[in-house]
Structure formats: C-alpha cells, structure tokens
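Letters are used for the chains, namely A, B, C and D, taken in the order the chains are written, and counting of residues starts over at 1 for each.
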Amino acid sequence: MVDDRGQIAIDFLLGISLFLIALIFTVQFIPGMSMAGSAREGSLDYTAYRTATILVEDTGWWGNNTSSGTDWESHPTDNIERIGLAVDDDPTSRLTNSPNILSKNKTTQLMLLNENDLTETLGLYNQVDNTHFSYGYNISITKNNAPLVLNNTPVLLGETVPYDRETSKITRIVLVETGTIADFSGEELPMKAANQEEYPLIDITGPLNEEVTLYISNFNITGGDPGFKKLRLDGAPLSEVSDYLAYKISPNGTIEIIGTTGKIDNDDVVAFVIYQGILTGSQTYQLEFQFKDIEFGPTSLPVPEYQDVLTTYYEPAYLTVEVWN
Amino acid sequence: MKRLIENEEGVSVIIEYILISLICVGFFMIITINSDAVFLDTPNDVVMEREMSDVGNMMSTMITDMYLILPDNGYIDTEYRIPAKAGRETYIIDADVAFTDQIIEVISPSSGKKVRVTIGGIATTMPINGTASSSSTNHKISYESRK
Amino acid sequence: MESLKKDTRGQWIALSGLVLSLILIGLAALANQALIAGYHSSNAVLEFPKENIRELNSHTRDNAEILKSLSFEINNSTNNTVPVIFEQLFDNYSTQMETLYAAHGETVDISLVSINSNNGTYNNNSDIDVIFVNLTYNDGSTHYVSEPEVIRVTK
Amino acid sequence: MNDKAQLHTMEGLLAAILMTMTVLMITQSTAIVTPQNELAIDVQLEQIGSDTLKVIDIAPQTSIIRNNLTECVASWDTTTEASYPTNNLEILDNSISNLMPEILYNVNFAYTRNGNLTVKKVIIHGQPADNAVVVRHYVTLTNETVKTMGGGWNLADDEIKVVEVRMTTWKV
C-alpha cells in the first residue's frame, strides 16, 4: 500500500461523510425549527377577539347566593362573574340593547380590579397539564392615539406589548361615556341686561371638581363677522390658555379651535371646556359668553341652569385588546 | 495468481468502493429508520396541534358570538363544519369541562393529545355542555330559553 | 470521472444550491402553516350571522318607537284607531325588511303579536308601553327564533 | 496549499451570508407581524365596518358625530347617484372616514320601491379589492325626518321607508 495514487479519494470520503451527517441533522431540524416554534401560540388566535367582543358587547354579570345582575360595577366586593363594559338600562336582564356604548362607571371599575380577577373572568389564561398560566395582555381605550382619560386615570391595562413576540390583536370602535355635557340652544339663552352687546348667560352651581363641557348650537347670525370674543366668569375674564378651551364642530364633524378671530356659522356647534379647578367653590357661578354679531334670546328669559340640561357625553374611541403568550 | 496478489495497484480503489458503500448504506439506514419521525410525525404533530386549537378557538368564538344574541324567549341553533380529521387522527370536542372551568377541550383519543381553549366568562352565567366527535356528519350548537 | 474529481471548482456553487433548496423548503413550510392557521375560527366568525340577527332585533326595537309616535300623529288625521294604524305600519315595515333580507338569501319573518296599553286606552303617546313581536331568521345553517320579543316603548 | 479560486471562496461566503440574512429576516418578520391569513383580515374588516355603522347609528346629538345614520340617510337627495370621485353624502362620508382611517369603502343604499328592490350608489372611493367585506345596517325613514334633514325621499305622511345602508370595505 505504498501506492499513493487515489489518496485524494479518502479526502473525498471524509468530506462526503461529514456532509451526509450534516444533511441528516438539517433534515431533522428544518421542519421542527420552522413549525414547532409557533405551534403553541395557535391557541390564542381568537382570544383577543373574544375578549374584545365580551368587553364591548356585553354588560358583565355578578352574582351571589341571593341576587345577581349586570351592574357588577356597583358590587365590587361580590362575585364578579363576567366583565363587560356595555351600558345597560335594565340590570336584571342578561343582554343589553346598546352594544358598543361603554359605561363610564364600568370602565373605571375595570381599572380597579386586581390582576388575578381580571385574567380569570376574561379567560386570559390557559391550562396545560394542570398548570395554570396567564397570557400577557394589553387592553386600552384610545382617542387620537392617546389613552382616554376617565376620572383622571388613563384607560390602560396590562403590560406593554413585546415586539419580539407573536401577538393576537383586535381593535373595536366604540362610544364611551366620558362625562356629562350641557347642550344649550342659542334662542334659549337670555342676553345680559341690555347694556352693550348680546352676551348670553348661564348659571352653574358649584362645587364642581371635574371638567365642565358646554355646547351651544342654533346661532342666529345678525352681522357680517359672527365670532366668539371671550368668556367671563362672574364678571372677570377667563384665560383661553389656562382656564378653558373653545372649539367649534361643523356639521360634517370637523373640529376647529376658535380663537378671537374664528368665524361661526349658524349650523356650527360651539363647545366650551372649562378646566378642572375653576368652579370649585360652593356658590352659583354666572358664565357670560361674549359673542359678536350673533343674537340670542330676549333679556326676559330666565337664566338657564347648567345642571338642569345635563346629559351624558359620548366620545368615539378605539378599544384595543392585544394578547400574547 | 501471484502477480495478482502482489499487485497493489487499485487497492485503494477497492477500499474506496467499500467505504463509500458502507457510508451510503449507513446513510440510507438512518434515513429509513427516521423517515417516519422526520417526514410524517413531526409535521403531523404540528398540524394536529394547529388544527385542534383552530377548532377549539372556533367553538369558543362561536359560543361567545352566539351568547351575545341569545333571545330571551325562543331558540337559536347553528350548524357548523369541522374537518373530520386533525392531521391523521379523529378528535372529540368536549365542552363539559366548561361548566366548571371555562375551558373547551379538543382531545384526540388515539394519541391522547389535548388542546384547551378558554371561553371569556360566559360559562358562569350559562351552562355550556355537550361533546362532539369529528367523525359524525352533522354538528350543531343550539340554545333554547325554555330549557 | 477522474477529471470531475480533480476539478474542485464550483464547490461553493453546489453548496449554495443546497442552501437555497433548504431555504425553499423552510419557506414552503412557513407558507403552508400560514394557510392552515386559523382557517376554521376565521370562517366561523365570518359565517355566523351575528350582526344580521342583531340588526333584525335592534332595528325592530328602534322601529317600534318610530312607528309608535308616527301612529299617534296619523291618528289625528284619520278615523282609524292607533292600534289599527300601528298594525298597518308594522306590516309595511316587515314586508320591506323581508324583501331586504331576502336579497341576501336570508329568510326573516317579523310579525306583530300584540300592542299593549298600560291603561287600556290609546289616547296619547305614553299609553302604549309594551309591544310583542315574533322574530325568526334563517340563513340555511343558522336558525333564530324569538317568540315573542318583548319591546318596551317608553320614549 | 492550493491558493487558486480565492475569489470563488469569498463569493461563496458572501452568498452564504446573504442567504442566512434572508432566512433570518423572513423568520423575524413573521414573528413580529402575526401571520394573518386573508380570512383573519376579513374578520377585522367586518368588525371595524359594522362597528363604524353602529357607532354612527347610535351617536347622540351631543357628540362629535353631529348627525346619526338615520339623519344622514334622510338628507340624501335620491336623484343623483354617486360616480367616482364625486360623492353626494359629505356628512356621512366624513363621519365614516373619521372613524376608520386607512380603510377604503363604498356605500350603497338599498330600499324597496313599489315592492321591488332598488340599489343606489351613494359614496364611491374606488374599485373594491378582492378581499372586500360587506356590512349592512338598517334605518327607518319617516316624512318628518326627511323634511327636517331636507332630503329628497318624497314620502307621504303615513309612509315609512326602510333603507339598508350597505358598506363595502377593503384594505389597500
């Protein structure tokens, strides 16, 4: 065996065996690698969908030995069996006639629930071989890409969404009760005693510890440059920056901040948001709206009271539920 | 004859031939032994897992959707279609555990594989029960308010 | 054969071919899996006519309110009594709904069972308080029957 | 040592790196973006579409949505159909696009006239894509609502008209 021809074949043999070994391993791993990795995640495919559906279209349910109903938000210590946020007018019947309208009380109560109750009642968990483990979740109600703030708390539950994980996500469009609003019609507002121009008045009884929102609609335009000048509280001017915000909503839904130069059309709605902390005294405040070239009701009308015309204020928002393992 | 034995030319070729054959036979054997596991079982496992959790999710989602429109007086029933086999095996959908645990189980009796899917809080207000086997032809979920 | 063995060029090309094919296998597996993923759950959600049934129900509720105030209005100018007017309007409503649903291949039936007055008279808007309606819906695979659907008309 | 074909080796190495990167990129991206099949997208579209119509339908006077669905439908003048790109129901169009940006839609009205079904185009935003989903909602018009909104429905005082608002939604 001194012939050294053909030795190269040993090289080749070594190479081919190495290669074959490598091939066997690859073949064994490729299918496992790409498929098994995401197999577990399959079970949460529609978890987000179901959670969002229950939250948006159901009222929730509580019950103890003696009674039960959909008003779980007012029985936080009792056994909450299901969490739903839809408003309901009849707590004894199981279903609601107003899906997609979210109750403010239910939403704020949801924020107060503890982690364990939440995952349990919303079904955000799975059981594998009798070990209970919770999914990661993120539930939020957003408006203009920022969390909606109810009672000074942003509606945001759960953890931040991990970006290296496969998640299951759904977004629902809802109307949320965010507070109250007083809606006044132009001709119902009396002008201040006929001194200079037509400044309508509204009474507000304090103390109020939240934002106050007023709508004024049906403007009777009398001049060529109808607009809003300023807002006065008991004779003293309020600051447009720190005390209140005024904007108008046109019939097609566009919103525009009106400064002292903004024009008002007769089918616009002008909204005033008076910030928290302005009307905190126990007294009756009088608001004076200084408009230009707009006529309101006669001075003989009684000054309307803010509290008498209060209705619930609804805002469109997005409820997003995202779930991961 | 002597010349043949003493001639060492081509020996390496024979050795090479033997070695190659050995390696190829070895390779072939490994592939034959493992082919079932590699090409059928692993993908089948994955496919089963996916299909079963898909079916479980479908049941849970349908029950949720249905619950939200149940009439106060009356009934509702809906037929649904599920694949007869997940991977290569038949399976059973078991909702009886939902009564206590808010969970729907999809079980394959032959391999004992089990996938569980949760239902979001409905089971506490309304009993959900029943089992369905994938091999039967008609599947139906129904609710009647008077029962 | 000998010349092929000696020619060592192109090894990388052969190897790239292998790698490429492996990648293709992987991709095919991924694509396949995406196809399998959630077909039945999605399909069930899409096919289950939740919104159609809910619309039938909730629109009939809304409509009952509209018809109630309309029938009191019409009552001022005709000799017919409020229940008679209401019934006519309701029949009209259900025919229109049936035609609209039929266009989607769904059979619905909306029929008025009774109009209930809290004090037996039909003089003003607040007299009618509850209306009973039978609703059925059928799209071939889902059947929905509500007999009766109790509608409180209090506005 | 054979030092020929160094360039080939480099080329091969580069190719290998390129391919590994591609595989990595693909697996990574599928892990971040949930692999959604077309049906799952349809589910979301249907959900968003029907939510939008429902929210507009139930919107009270005192919200940013000034006119609810019934009022929007009542204000339609019935004679002119929409033809791309002119739409003749501005308010409804605005309300819908405010609620679901990034989604395109067409709106048709379907109603019965002398017992026959009539379908009219109202808002057109283009040709629906293959994965388009149709959602619908119903409103009842009376002469009173039509008169206050100034529409052209020409109803008698004792007539009601049920209108199906049919919205086709799709993603580009």
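Brief remarks on what is shown
By our rule, contacts are C-beta pairs under 8 Å (C-beta built on N, C-alpha and C of every residue); 3 or more make two chains touch, one makes a residue touch a chain.
What you see is a predicted model; the values in this text were computed from it and never measured.
Of the two interfaces, B-C and C-D, the higher number of touching C-beta pairs belongs to C-D. Per-chain Cα centroids separate chain B from chain C by 32 Å. Work out the mean CA point of chain C and of chain D, and you get 17 Å between them. Per-chain CA centroids place chain B at a distance of 37 Å from chain D. Mean C-alpha position of chain A lies 40 Å from that of chain B. Multi-chain contact residues of chain D (touching two or more other chains): 27, 35, 43. Residue positions 9, 31, 34-35, 38, 42, 45-46, 49, 99 of chain A each touch two or more of the other chains.
Residue numbers of chain C whose C-beta contacts span two or more other chains: 26, 29-30, 33, 37-39, 41, 43, 45, 54.
The touch graph of the protein chains shown belongs to none of the named shapes. Inter-chain contacts, as defined above, occur between A-B, A-C, A-D, B-C, C-D.
Chain A meets chain C in the complex at residues 8-9, 12, 26, 30-31, 33-35, 38, 42, 45-46, 49, 97, 99. Interface residues of chain B, counted against chain C in their complex, comprise 43, 46-47, 50-51, 54-55, 57-58, 61-62, 65-66, 68-69, 71-83. By the touch criterion given at the top, residues 27, 31-32, 34-35, 43-44, 47-48, 51-52, 54-55, 58-67, 90-91, 94-95, 98-100 of chain D touch chain A in their complex.
Of all residues in chain D, only 2, 5, 8-9, 11-13, 15-16, 19, 22-23, 26-27, 30, 35, 37, 39-40, 42-43, 46, 50, 110-112, 115, 117, 135-140, 142, 144, 157-162, 164 touch chain C in the complex they form.
Chain C meets chain A in the complex at residues 5-6, 22, 25-26, 29-30, 33, 37-38, 41, 45, 54, 58, 61.
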